[in-house]
Structures are given as C-alpha cells and as structure tokens.
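Right after this note come the structures.
In the two assemblies presented below, chain A is common to both, partnered first by chain B and then by chain C.
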Partner chain A sequence: MSNIYQWINERLELDDAIKFAKKKRVPVFYGTVWYYLGGVSLFLFAIQLVTGILLVLYYQPGAETAFESVKFIVSKVEFGWLIREIHSWSANLFILFVFFHMFTVFFAKAYRKPREMTWITGMLLLVLGLAFGFSGYLLPWNELAYFATKVGSDIAGAIPWVGEFMLRVLRAGDEVTGATLTRFYGIHIAILPGIFTILLVMHLMMVQFQGMSVPPEIEKIPEKDRKTIPFFPDFVLRDFMIWLIVLNVIALLAVFFPWELGQKADALAPAPAGIRPEWYFMFMFQTLKMIPAHVLFLEGELVGVMFFAIGGLIWFFVPFLDKKAHVGIRSRFWTWFGIFLVVYIIVLTIWGYLV
Partner chain B sequence: MTKQSRRTFLDWLLRGGLTAWFASIIYPVFKYMIPPDAPELNISQIEAGTLSDFPKGSSKIIRMGRTPVIVLRKKKGDFKALEATCTHLDCTVQFKTDTEQIWCACHNGFYDVEGRNISGPPPRPLGQFNVTLKDDKVIITKKDLA
Partner chain C sequence: MMRFYVIILFMLMTILSAEDSCISCHTELDEERDDGDKIVVGYMTGIHAKKDVGCADCHGGDPEAFDDEDEAMWDVDDFLADMEKQDQLDMCGKCHSDPQYMRMFSASIKTDQVSQYLTSDHGKSLVKGNQKVAVCSDCHSNHGILPVKDPRSKVYALNVPVTCARCHADGQYMKDSGLPTDQLIQFKNSVHGEALLEREDISAPACNDCHGNHGAAPPDVVHVKDICGTCHVNNRDLFQKSHLFSVLSKEGFGQCEACHENHAVLKPNDSFLDWSENSVCIKCHLDGGSAKLMADHFYTIIDSLKQNLQLAHSIVDSAENKGMIVSDLFFDLEEARKVLIHTRTNIHSFNITYVDTNAAPGFKASQAAILGAKASLNELSFRRKGLFYFSLIITFLVVVLGIKIKRFKK
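Entry: the complex of A and B
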C-alpha cells in the first residue's frame, strides 16, 4: 500500500497537498455550522451527477418517447424508481442548500474583499443550478412541466430586445415541442454540466486558497485568540458525517415521498388547474400572478421581468455595492436588503402554494 | 518604420488574427443554435367537427396550422372560436361552462365568452376566428378571410 502511495506521490506530490490541507485551519465560532452548507451542496451535486448518468442509460428524449421512457424507468427497471427519486430529491435539496449557503455567506459578509470573485462564481453556479432545474423539469414531458416550460420560456421572451431571439433559441422554434425537449436534454446533460464543472473548480480553488471567511466581528479578535480546528482530518471527517446523514435523509424521502410522474404532456389540452413551477421559482411565479395586466404604460409581464432582472443584478454585484463591508463594518442597509429578500421569497412561496 | 511600430503593428495583426479566428469558430456555433424558420402552414379554414360533437356548454381545442383554437358552444347554442393561447404567458386556456368564461389556469386569468380579458394578468383579448355551419359541420375560418 505504501509503495503505491509512494509511486503516486513521486509523480503527483501528494505530500504537498496533505501538508496544505493539514496546515489549513477552520475557525470555530457560533457560525462554524454554516461552513458545512457549501460542502453539502457539493455532495448533492455529486449525487446528481451519478444518478443523472444512470438515468441517461434508459431515458429517451423526444415527444413520443420521453414520458414512456421515464415510466419505464420507474416501473420496469430494477431500482429505476430509486434512481429517479434520488435524482429529483437531491436536485431540490441542492437548490435549497445553495440558497442556505448563499444567504449565510451574505449575512456573514463573506463576499467582502478579497472574496468578491468567490461570490460571483457562486452566483453563476446558482444561475446554472436553476437552469439545471428548469431544463430537467421538462424532461419527463408531463403536463405540469410542459406548461411550466411554456410560461418560463415566454417570460424569457418578454426581455426587451433579445427576448424573441432567446425564446426561439430556448424552444428550438416558436412552440414548445419535441424539439424543445431534445434541446433541453442537451442543455441539461452536456452544456450545463460542462460550464458548471469549470465554475465549480474555480469556486472551490478560491475557497481553498483564501481559506474560510469569518464575520467582521470575529475578525476583530486577535488571530492567536481565535479557536480553530484543522481542515484535515477534523473538518473533513465532520463533512463526511453530515454527507452520510444527508444521503440517508434523501433515501428516506425517496421511499416515503415519491415525486409523481403525472399525465403525459398534450399540446392540445388546456393548462390544468394547479399548474405551478418548481418551488424555487414559486416566488417569481406568484409575483407574476399578482402584477396587473398593465402598470402605467408597460405590460405587467415586462414589469415583472424587469423587477427580477434589476433585483438579480443588484444581488449579483453586492460585493461591489456594499462599500462598508470592505472595511469590516456591517452595513445596515444591506442587512435589511437581505432580510427583505428572505422574507419576500418565503412569504411569496407559501402564498403561491396556498392559493 | 521604427522597430517599435513594427512590433506594435505585428501585435495588432496577431490580436486581430486571433479575434477573427475566434469569431470564425463562434459565429457558426452561434448561428447553429438558432432554429431555422419553419414555414407556417397556410391553413385558413378547418373543420372542427360536427354539431353533435358540440353539446351546448361544451368546448374543444383544435389546431389551425400552428395556432391552437378553442371552439366553444354557449349555453344558448351559438358558437364562438378564439385563439386558445393566453395573451399573458402562452398557456392554453379552457372554457368554464358554469360561468361561461374562459379561464387560464396558469396565472388565474379570465376572459369573457367573447374573448375580452376581464380579470387577472392577461393584457389583451384573445384572437378571434369565424365560425360557420355548413350542413352539420362546424367550420372555423381566419377572421381576415371571412
């Protein structure tokens, strides 16, 4: 065994990597638990990758085959139901943990200098994560997904100037058809994973090189007085333990709360009652529902798109807008902005499910 | 020409060449992703069914070319044909027989039986089609052709 290690070490310098990992320390304070959220997101992404590859072995894109092949996977293939359920559940939990991760990073002001790029790559990963969700939602080609995709792509079509172009590129034509499904499949299993992996590597490398960020008030404590634990093996082992718990929770959810496959999409059927997107788009969906047909001289749909586009851009560039964070001061404005956003998302999401 | 300006010139040539090379790769990929225009089938008239397919207070969605059309028969017995795509966000609408209204389930938009947007987010009325009866056949024609 040691010979094998030695052989690899002479070529890849494993000793240096271990030395680096051992040297790295993780701060221990009231917020140490937040540090696990990114790791859990990473683990959930790994589950997505493995179960996604397994689903590809049976899934057949196309308006006539997609729904039937998913039905085949969940009803005929041994453990097919389990693989699909785990894929769906871990996808949803992935978005949930990414949201938790993002908001804890936000409230801990971890985006401040020198970690602006970590925030930016993180935000891009979130956008890609949502794109994964949106494209994956259509793949079973069921009624709910069909109309959610129609609505979602139509919203993209409302963007000024580039909307028409975006809509056609997304739908692979003017309508949501089998061609859209094939395109979404390609985006879901090839384009997104490719870009995601590059950004993820950048994101993780930055976290490794810059170390864990601590909130401004902890930073004020002299370094010698701060409590820390080694990244390796202490923190890594804790990480693994949490991953194990997460995996067990997913297995339980997959068994006891399976995702319905629903009815096959029919282009000539009216949109069924209770149509809704995935929960993480619900706050936007509910907002669009509430905006009246016309706001002043603008169409309601355009107002909604502009509202989210501007909000998203502000959120994206927070590290450059929050000037106080760079000098270690908590800006009340940005804290309240974050609280407002959290409350807005929670209230509108619950509201969306109630009505 | 000085040595420096020759170098600057070569630098620009190299940069320009690289940009052009990069563009020559990106351009076809970009164009490839845009779907070609599918010619719209020039259908101006379609048979929606026979009178017996439409009991009073019922509806049916048919397709005229690429456009879904909702054909409905009111409780009084007269017909109406409207574009079935909600003017808000493209969902397919349905006829609510109890209230004689057209409803879009996606964002709770309502139109009256004439296709006028009456509540919820739809910004415009639904497009109109003509309905004629030939023997017992229900014929739908595009409005501008009638």
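Entry: the complex of A and C
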C-alpha cells in the first residue's frame, strides 16, 4: 500500500498537498457552522455530476423520446428511479444551500476586500445553478415542465431590445418544441457544466489562497488570540460527517417524496391548472403576477424584468458598493438591505404557493 | 339583444308589408289576437320567409291587392284557408314532393315526405277520413316552420317527445284510437329519456328514431330487434344468432322489449340477471330450470370480472398514490374494463361457452394489473428497507466520525 502511495506521491506530490492542508487553519467562532454550507453545496454539485452522467446513459432527448426514456429510467432500469430522484433532489438542495451560503457570506461581510472576486464568481455560480435548474426542468418533457418553460421563456422575451432574440435563442424557434428540448439538453449537459467547472475551480482556488474570512468583529481580535482548528483532518472530517447526513436526507426524500413524472407534454393540450415554476423562481414569478398590466407607459412584465435586473446588478456589485465593509465597519444600510431581501424572498415564495 | 332582434323583425315586416297585402293586413290582425298564435311573426321567423316563399305560394290569393279583402283572398280561385287535413298535406306536398323545385334550395333535400307519410299509421288513417291524425303542420307548426336542426323547432330532437305527446298523451284526444297514452311518462323514466331530456344528449333516441319520421308506425314484434339494432348492433347480432331468438320468433313473442320494455327501457343493470325480484328472466321463466342456471352463470362471470377489476384498480391506485410509476398497468385496467362491457353485451348470445371464452382476457388483464401493482408495492417495500439499512450505515459512520472528532479535540 505504501509503495502505491509512494508511486503516486512521486508523481503528484501528495505530501505537499497534505502539508498545505495541515498548515491551513479554520477559525472557530459562532459562525463556524456557515463554513460548511459551501462544502455541502460542492458535495451536492458532485452528486449531480455523477448522477447526471448516469442519467445521460439512458436519457434520449427529443419530443418523441424524452418522456418515454425518463419513464423507462424510473420504471425499468435497475435503480434508475434512485438515480433520477437523487439527481432531482440534490439539484433542489443545491440551490437551497447556495442561497444559504450566499446570505451567510453577505451577512458576514465576507465579500469585502480582498474577496470581491470570490463573491463575483460565487454569484455567477448561483446564476449558472439557476440556469441548470431551468434547463433541467424541461428535460422530462412533461406537461408541467412544458408550460413552465413556455411561461419562463416568455418572461425572457420581455427584456427590452434583446428579449426577442433571447427568446428565439432559448426556444430554438418561436415556440417551445422538440428543438427547444434538444437545445436545453445541450445547455444542461455541455455548456453549463463547462462554464460552471471553470468558475468553480476559480472560486475554490480563491478560497484556498485567501483563507476563510471572518466577520469584522472577529477580525478585530488579535490573530494569536483567535481560536482555530486545523483544516485537515479536523475540519475535513466534520465536513465529511455533514455530507453523510445530507446524503441520508437525500435518500430519505428520494424514497418518501419521489418526483412525479406526470403526463407527457402536448403542445395542443390546454395548459393545466396551477402552472408554477420551480420554488426558487417563485418569488420572481409572484412579483410578476402582482405587477399590473401597465405601469405608467411601460408594460408590467417589462417593469418586473427591469426591477429584477437592477436588483440583481446591485446585489452582484455589493462588494464595490459597500464601502464601509472594506474598513471593517458593518453598514446598517446593507445589513437591512440583506434582511429585506431574505424576507421578500420568503414571503413572496410562500405567497406564490398559497394563491 | 332581444330588443335588437325585435327591431330588425319590425323593420323587415315594414319593408315586406309595403309589397305584400297578406303581411300588411295580418300584421294588424295579429295585434288583435290574444291566443299567442301570431301568424306574421311566426312566418317571419320561419324557414319559408328566409327562402322567400311567400304566403301566396302556399295559400294562393293575390298579395298585390291591398284595398279589398275579397279581392285579396276569397275571390281568388286557388285561395286556401281553413283547410281539411288532406288539403294541408297536398299544400305542403305541392312543393316538398317536387324534386325539381326543391333542388333550388338544396341538392340533397328529401322529397319523399308525403309518400312516406301515406305509408304511416297517420297517413293511412287520414286516407280513411280520420281528421284527428297528425299532418305536417301538427308536428312542424303551421306558420313558424323551422329547420329540424334549429333547437326552437318542434321537431328538434329534444322537442320531439313533447311534440308527439301533444296528441299521444292526451287521453281525451286519443280516446277513439285505442292507443295507450302513457308513452311520454314511460319514456321520461327510461334510459333513453334520461339521456335525451335530462342530459340533452341528442344522439339518444327520440320517438322518431324508433317509429320513423314521416312514415311513423309502431314496429312489428318481429322487427323490434332491427329497430333496437340500429344503435345496439352487437346486441342485435348476438341475439339474432341465439337459440332464444328462434324460440321467441317461432312463438311470436316479444324480442328486445320482452326483457328491456319498449318505451320504459330501463338502464341495464347486472341485477337483471340476479335471480330475484329485479331479474328480467324470472318474468317468463317462473320455474327457473336451465334459464336460472344460465342467468346465475352470467351473473357470476360479470360479478367476478367486476370484483377483479375493482381489486386491480384499488391496488394500482394504491401503488400510484405511493409514488410508483404504474402507468403501463392502466392499459391492463382499460382492457379489463372493455372486456367487462363486452361481456355485458355477449350475454345476448345466450351461449355460456361464448361468454366464458370472451370473458377470459378480462380476468387475465385484471390479474396482470394486480401482479404488476403488487410488484410495484414490493419494490416500494424494498426501497424502504434499503433506506433503513442505508440510514443505519450512515448513522454508524456519523457516530464513528463524531468519536474521532472528539478524540482530535482532546
């Protein structure tokens, strides 16, 4: 065994990596638990990667084959149901944990200098995660997915100047058809994973190089007085323990709350009642529903899209807008802005499900 | 909206009355009538006005004579009013039996109404001088004649039973005919009546669908199966080949109506076969015998198919509600359901072997659905057991890791 390790070590310099990991320290304070959220998100992404590759072995894109192949996977392929359930559940939990991760980073002011680029890459990863969700939702080609994609891509079409073009690019035509499905499949399994991997590597490298951030009030404590634990093995083992628990939760959800396959998409059928997007788009969907058809001289949908575009840009550039954070001061404005956003998302999401 | 139509109608009447003395005078006369039978309003809403067939085309007279009533009507040779029933028939037949004339309105229009009428019981009675029988205007109205497909028409499918019943349910009017007058009541309570009058399903039969339209006559006993067989084709075909059909025909007994009644056709029920007061067989086979054995057998087969299907449905539904993909099993359930329906038809063969042979695929389909659903439920149980063992392993690993982490702390 030691010979094998030696063989690998001579080529990959494992000793150096372990030395680096042992040297690396993780701060221990009231918010140490937040550090695990990024790791859990990474773990969930890895699960999706593995299960996604397995699903690709049987999935057949195309209006005539997609639904049937998913049905085949969940009903005939050995443990196919499990792979699909884990893929779907881990995708949803991934978005959830990325949201948690983002807000803990925000409230800990971890985006302040020199970690602005870590925030930016993280935000881009969230956008890609949402794009994964939107493109993956259509792939089973069932009734709900079909109409949700129709509504979702319509919203993209409301963007001024480029909306029409984006709509056609997304749908691969004027309507949601088999061509849209093939396009979404390509985006879901090739384009997005490629970009995501590059950004993820950048994000992780920056975390490793810059170390774990601590909130401004902890930073004020002299470094020698701060409590820390070694990254390896202490923190890694804790991380691993949480991953195991998350894996168990996914298995539980897969067995007791399987995702319905529903009816095959039919472009000629009337839209079923209660079309809703995935839960992570619900707050935006509900907002758009609440905006009147016309606001002054603008169309309501356009106002909604502009509202989210401006809000998204502000959120995206928070590290550059929150000047106080750079000097170790918590800005009350930005803290309240974050709290407002969290409450807004929660309330609008619940509202969306209730009405 | 109604006001709009009245204005349009009034305008039309005004325009026409300037050219037609019949319209002009009868519009005024209509205003004085209080029996609701407004001749001009009826005519204007009818098909004849729309096709430019004027009053004089049927009644004769001179529509251009405005000054004198006699000049317009009574002094004109061909003027017809207060006609005998035979004259009414001739009046309608003058155009409606003329293919060349009627082709102007529609290439496929029928022109055999009068000849058919003369073969009907109505027509035959009229020829014998009976002035109480129905002629064209009794069913189609006199002036407000509407196309058959117009829901306001008296001969529109939904209105036919009431139109026929105006005479046939009137005991006083039908006194001399010797015919019963309870057909409408019976029909209303029948499966056909419920479909037609309550559900307004115009594909359900009205009086004319069994008795004929213009050639209306009660079907002969031997031809009842053909009348019912117009819609119930499979039942008729099976029954016609059965031994029971030969026996009933030979003896001159009723056919379909012997079990199902004529106007009061009840909704078929599996209890028709159950040897109790609901049984239709017992009406003739008082002593039971081989008829009872056959009925019992049919009842058992249908009941078993039903029970199997219900059981299969409940297990498949249970598997589906638990999140299992069982959509393929619904094909088996559909097959079993179809066989059950066919078996209810097949009993009209009165042949045990035939019924049994054709019921077998139904049992097979139900069984396939039951087995498939049970396999799904077993799979679900396997998944839950798997989850349990998986959770045990994970818990064990978490505990081991927890101990290890504690040791690191120390």
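Note that the second predicted complex is superposed on the first by the 355 of 355 C-alpha atoms of A that agree within 3 Å, B and C clash if a C-alpha of one lies under 4 Å from a C-alpha of the other, contacts with A are read in each partner's own complex, and residues count from 1 in each chain.
Simple rule for what comes next: a contact is a pair of C-beta atoms (placed from the backbone, for glycine too) under 8 Å apart; a residue touches a chain by one contact, two chains touch by 3 or more.
Remember, it's a predicted structure, so these values are computed and weren't measured experimentally.
Chemist: Return fit or clash for chain B versus chain C, each positioned on chain A through the superposition.
Modeler: fit
Chemist: Between chain B and chain C, whom does A:Glu13 touch in the aligned arrangement: first, second, both, or neither?
Modeler: In the superposition, A:Glu13 touches no partner, neither chain B nor chain C.
Chemist: I'd like to know which partner A:Glu64 touches here: chain B for first, chain C for second, both or neither.
Modeler: A:Glu64 sits against neither chain B nor chain C.
Chemist: Answer with first, second, both or neither: which of chain B and chain C does A:Glu164 touch in the superposed model?
Modeler: Once the two structures are laid over each other on A, A:Glu164 reaches no partner at all.
Chemist: Put down the vertex angle at chain A formed with chain B and chain C, C-alpha centres only, nearest 10°.
Modeler: About 40 degrees between chain B and chain C, seen from chain A.
Chemist: Return first, second, both or neither, reflecting whether A:Val151 touches chain B, chain C, both chains, or no partner chain.
Modeler: The first partner, chain B, only.
Chemist: Could you look at A:Glu217 and tell me whether it touches chain B, chain C, both or neither (first, second, both, neither)?
Modeler: neither
Chemist: For chain A, which side has the bigger count of touched residues, chain B or chain C?
Modeler: The larger set of chain A residues in touch belongs to B.
Chemist: Aligned on chain A, what is the least Cα gap between chain B and chain C? Give it in whole Å.
Modeler: Distance of closest C-alpha approach: 10 Å.
Chemist: If I apply the document's touch criterion, which positions on chain A are contacted by chain B in one structure and by chain C in the other?
Modeler: Comparing the two interfaces on chain A, one with chain B and one with chain C, no residues are shared.
Chemist: Residue numbers of chain B touching chain A in their complex, please.
Modeler: Checking each residue of chain B against chain A gives 33-35, 38, 61-63, 66, 68, 70, 84, 86, 88-94, 104-108, 117, 120-123.
Chemist: For a test of understanding, state which residues of chain A touch chain C in their complex under the given definition.
Modeler: Interface residues on chain A, with respect to chain C: 71, 74-75, 81-82, 233-234, 237-238, 240-241, 244-245, 247-248, 251-252, 255, 257-258, 260-261.
Chemist: Which chain C residues qualify as touching chain A in the complex?
Modeler: Within the complex, chain C contacts chain A at residues 323, 325, 327-328, 383-384, 386-387, 390-391, 394-395, 397-398, 401-402, 404-405, 408.
Chemist: For chain A, which residues count as touching chain B in their complex?
Modeler: 147, 150-151, 153-155, 165, 168-169, 171-175, 179, 267-275, 285, 288-289, 291-294, 299-301
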